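Here the chain labels run A, B, C, D and E in written order, and each chain numbers its own residues starting at 1.
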């Protein structure tokens, strides 16, 4: 993201309902495990399946039909990457699941959006769930999408909630032929996909950092109740980010330490790099969270200070004029015998006394630093 | 729960006494361990015992008398599930306990409501205590009930405080014959029961999320002292949920890692799934708790802001009219010699000066963004 | 404790000095370890020693003189329970200590009140320190007393600061002959004593829960500065409870996992039960602590709200009458030429205008929800 | 410390600069390790070296010159305790260091005040750093001094920043001949020194507890801004104490678990006792810290309450008299036609109405509990 | 840093944008791992390479060209230290990387500023990332720079973002010939470099401690909204420090515990010393952070207190003069029949009554400690 073109906070982003913060609602209690239920939002676009098959020499890339036979891809020699955009076609998930012999619970989790990031090691494959946060630069909003990645010997399956992802760079490297990626196995491709998702978190964090800076400026210059609401909403946004990134450390660590033959030793050093990045992301997210908390303190102190300002004005005005008004009231009384009233210089003298009183009070307030 | 029909907060729910938060009062100090004492609320309904016996082929389902002989069920070939609704019949607990050779402490814990979720491994059986939170959609209140589950070779015993549970789906799957559940052992049935309870927590959390959203709207639009009381009570409710879900992780983890022959290896992957869900529940409950804390901050800032608004009105009114009143007071004095009083245009001139002063103050306040 | 008869907070309880919170002052720095120094409060009652000796058949129970020879009790066949009420007789402690060959540091700790709960395993005996919290229903105050328990092969020694304890139920079970306790060893008796103390914590917690409920009601209905002081003091009380219960988990856990032949395997399951209870106590104490913290937030928000109420009244009164007074002041001026003064309907007209102004302001305040 | 003679807070104690809180500034970056640099405050007193040599039979005690040869003490048969008061004589440290073959880093740390408590195990000796907090009863201030203790086979070296310590009791026991200390080795002597320092923390904590009580009383009775400053400073003092005691647990634990032949098995039980005490000290310090935090809450609520009181007085005065003044203003107007002015009973009637209005407002305020 | 010449807070330091707090933005998502991208700020100075080669006898020191061949340095006998100032010459990094056979990910991390401190152990070398905080005494600002150190058999490579470091002392020791450093290997040199960086943190912390003291004084004497902003900014600065020092413990610990033959056993004791220092730095940073939090509390209480002061003045002025003005208003009314008006001594009597009322109120306020 180019930091020179500040992105504005979209209204949508800042009115996220609390329910979305949780994003964790499984099936109907008591239903059989392995029952496939799509729990994401309704979608109008069709489900798209995209295939990339390659080895060091060749590369084949095409769209597949959702009712294709996936059996052949499970058994071929080349490295097969099948990417599915859209999770609401349960038959497709079942077909792919049975072709690659995925456990029913894995199939269930694939379409069951709202999962917490995790990695599960099975005998023949790894199952990884991640949350992909993407920044829609058009509407300046952050999208929170579940990504399921399954990788085994010779294949990688990826399931996204929607079309559009952060993997363009990976695809380009595969197409480019010269890169390391064409000579390595499925574990390396899976690593590359995970790495791209993790690296993109930094963009999201930078986006939030910019929001925080805008809000900080607002708090310092012209805080309103609306500022507080925006801080509140931003804090809730940070909860979403934290829930996405917090389990990542554990996930990356589990991949680093696995002894499965599916993960090549040479890939280990790259996974360690991903682990480092996740630690950095978590660390930065924590820092950002604390900065937002600090903003709230700053806002409250700012409100208190303005209250002080208001009270000072009131106190100065009232303290100066109320005693003077009293004096004027004295000489507005209608007693028959008020000797001062007859003295010719009494009126200017009183005005003079009033001026001295006002001046005295002004000096008093000045000394207290109220002016 | 259908999210389109918002559930209202029942008065009952929000006036839970603090004592109920604890729900942890064991027997009279010094009493012998294994002394059965029912510590739940008084009940008027009779205790009901329900039996389901099945194997892959057959299924038998019937109500049992509370004074039945349970000896036969402990020794038959088919998988036996005895469910007890109501814990106040101590003789029944003793009879079942001695038929299935349960340790006196297990019997004590079964009727001793207010237990913390836990799992205990004995040689011949596992003893699991859970808290079942159910949403009574009629009264929109959450019920907090202790569930004791004992499972050993060929039998599952479940003890509920009240009739009504979240296991209808499990029963349907058993009756349906075709499901995996008919071919598996007692460990799988126990897993299914625990799974249903854990999955239902998501509904409870969604219920609370809706409450939080309603309260958030109230804080933003028209916060009153009553709003604060409701936030306070909701926070206490969250304590109850947290105490129910927090120990679950440990519990699920203990079941996953057990090496007892009573838990089939094939069930392990399902228990790991339950573990994942408990982690998600705990995680979501924590997030919700933080959102509620954020609501309180928002409320307090909102109160401060309204104070500021009130003070501004007072200050503006007082600052404009007090000096003017003073001026009027000056010319209401009865000094004999006040030359201005005789000047014909003095009155309109003074009114003009007053207008200018008022305007000046208005501009001053406008500049300070008080208007 | 019968929850239907609410216990009032004793003045004493709520004016506990901070020094008592610590209760942890050992001997003069540099003194030799094993130097017996009684650090508790001064006592006027004499020290009492009580003996219960029993096996499955017989039971002997009598008071002992403080200068008795304890050598014989250390070597007899029956299970010997010597209970000491009062720790200020250092010779007695030395006599018992040397008869049962207790380490000098154990003897020192026995009379050294203010210990943190702990368990120490020696070759021939276990040394357990607990804090017994008892509720004095007469004065409605909580007493915090150190209990030292030593158990070895064939004997249990218990040392209390004062007469009066929660062990009546245990004594009754011993006297009752039929119970399990008569057939088991010293480890089981020690378990029974610890269990009684732990179980009694629930009563203490219930007592505090009631205090919290009373305070909650007070905060909601008529909070005063005194309410805040009581919340403050209650929070300090909770520190005492927490310091008593927090180390219990570790203590119970150490007893559960010991491999000493002094603890029978059959006693293990009972100790695990104690462990469960300590976890529950700690958990409940934590919840209570958070509820008290919540009370403080509620109190502060309530104070802010009352401030708002006060400010509203002031603002409404001042905003309505200050402008009207100004108007009256205008027509109280003594200018010679004020044409309005001569118009016959000017006075009622002005009164009308004043009424309209007041009404307008009332509507303005009504719209802002200040009325 | 005699608790009946309350110690007053010294001005010095409460104006500790923040820099002193840290007390952790090592040598110039890039300097060679093992470079001896004294980092403590400047001292005017000379460095004093004191020797005690003893075995079960004999005892020799004398002052040494700082340029003495220490070689002989490293090799004699009797137990040698060399105590150094004052760390600014670097040659002395080097001389002792080379006589007892101490690692250059140990020598560096000995004179490098501001160390965190730690224990380091070398082949031939242990190196222990502690912080000795002493209460200067004359000036009622707490002194924070670094103590380095080295003990090996047959010798103990102790290095203090200043003369004056808490080891008088230990010296008396050595001189007394009858005690256990004369028959044990260097490890036991080191234990005794550490034990005395740890035990003295309880006195310091009691001193702070008294300060807290004084402040608590002040907050409840007559809180001023100065009270807040004192609470603030006390909280900073607690940071110092916490930094001194927090690492102690780890330190004591390391000594308990060491397998070095330098630590006799019989000393283990005494070290475990020290460990218990450190846990208690840490525990008590934490409690005290929370009490101080509670004081701050209490102070803030007290300030809010006083604000409420002030606002009530203002509101009552203004609300009663502003409307009355308006009424008086009405009848002070100079309209020619104001029929009420001519009615003879109008004046007393108006006074009556005013009285009723004032009474009504008083009742209104009474009902709101403002009076 | 000489503490007698207080350093002022530079404006720059206190206006650090939030984005800089994170400093953790890796490459474009999806890019191949090992892609070298310089992520630091733009630089105008040229990249400088500096070589020191030495053994016990000889020393050679010279600048290298950035297009030099580094192959020779990787294979010579003497210890080679190559220091690079400036990371924006990617070809240079590649050239050095391939000469010393560094893993592509190491090369990437070297130029990728914004890394979290870490240590990575490879077969032939260690890769250490640190953050060097330096105090620019000219502008009184803190610079946060990434330092990459690679050390293997016979060579140490160091990469800095900018010229200027804290290693002058190390260079002097190397040049001095007599020191230990000339006789030890690459591990000791790397230790010396890390040690210098860690030791310099203490200066940074002292710098912040001084800032805190200045702010504390400001809060106590004349707090303004600007004070709050400075506290806020200082707190954010502390986040930067914490992120630099927090991972250090782990880093130092990993170096202490490594079993690689690259780290000599004799170096272990020095690394343990570094570990001790990192623990102290982390500890001091935490304390400082808490002190800053305390400052914020102090500030808020100070604002509340000033509000109280303002309100008191207002209340006293209004409470005294509003009733008096009312009295004056009474006798300014124009009723025809007001008997008091004719009494000759009525006017002085009224003045007397007014004086008594004012005095009474003053006494009332005095009693409430408002004066």
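Throughout what follows, contacts are C-beta pairs under 8 Å (C-beta built on N, C-alpha and C of every residue); 3 or more make two chains touch, one makes a residue touch a chain.
The shown structure was predicted, so the numbers you read here are calculated from the model rather than taken from an experiment.
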| item | value |
| --- | --- |
| Separation of chain C from chain A in steps, with touching chains one step apart | 2 |
| Copies chain C and chain B - interface residue numbers shared by over half, same or different | different |
| Chain C and chain D, separation of their C-alpha mean positions in angstrom | 26 |
| Rounded Å distance, chain B centre to chain D centre (Cα mean) | 43 |
| For chain D, residues contacting two or more additional chains | 300, 304, 307, 311, 314, 318, 322, 325, 329, 332-334, 338 |
| Chain contact graph, described as a line, ring, star, complete graph or other shape | ring |
| Circular arrangement of chains, read from chain A onward through chain B | A, B, C, D, E |
| For the chain D and chain C complex, residues of the former touching the latter | 3, 166-173, 179-181, 192, 195-197, 199-200, 202-203, 205-206, 209-210, 212-213, 216, 220, 269-270, 272-273, 276-277, 279-281, 283-284, 287-288, 290-291, 294, 297-298, 300-302, 304-305, 307-308, 311-312, 314-315, 318-319, 322-323, 325-326, 329-330, 332-338, 368-370 |
| Chain D-touching residues of chain C, taken from the complex the two chains share | 17-19, 21-22, 24-34, 103, 105, 115-116, 118, 120, 222, 225, 228-229, 232, 235-236, 239, 243, 296, 299-300, 303-304, 306-307, 309-311, 313-314, 317-318, 321-322, 324-325, 328-329, 331-334, 338, 340-342, 344, 346-347, 350-351 |
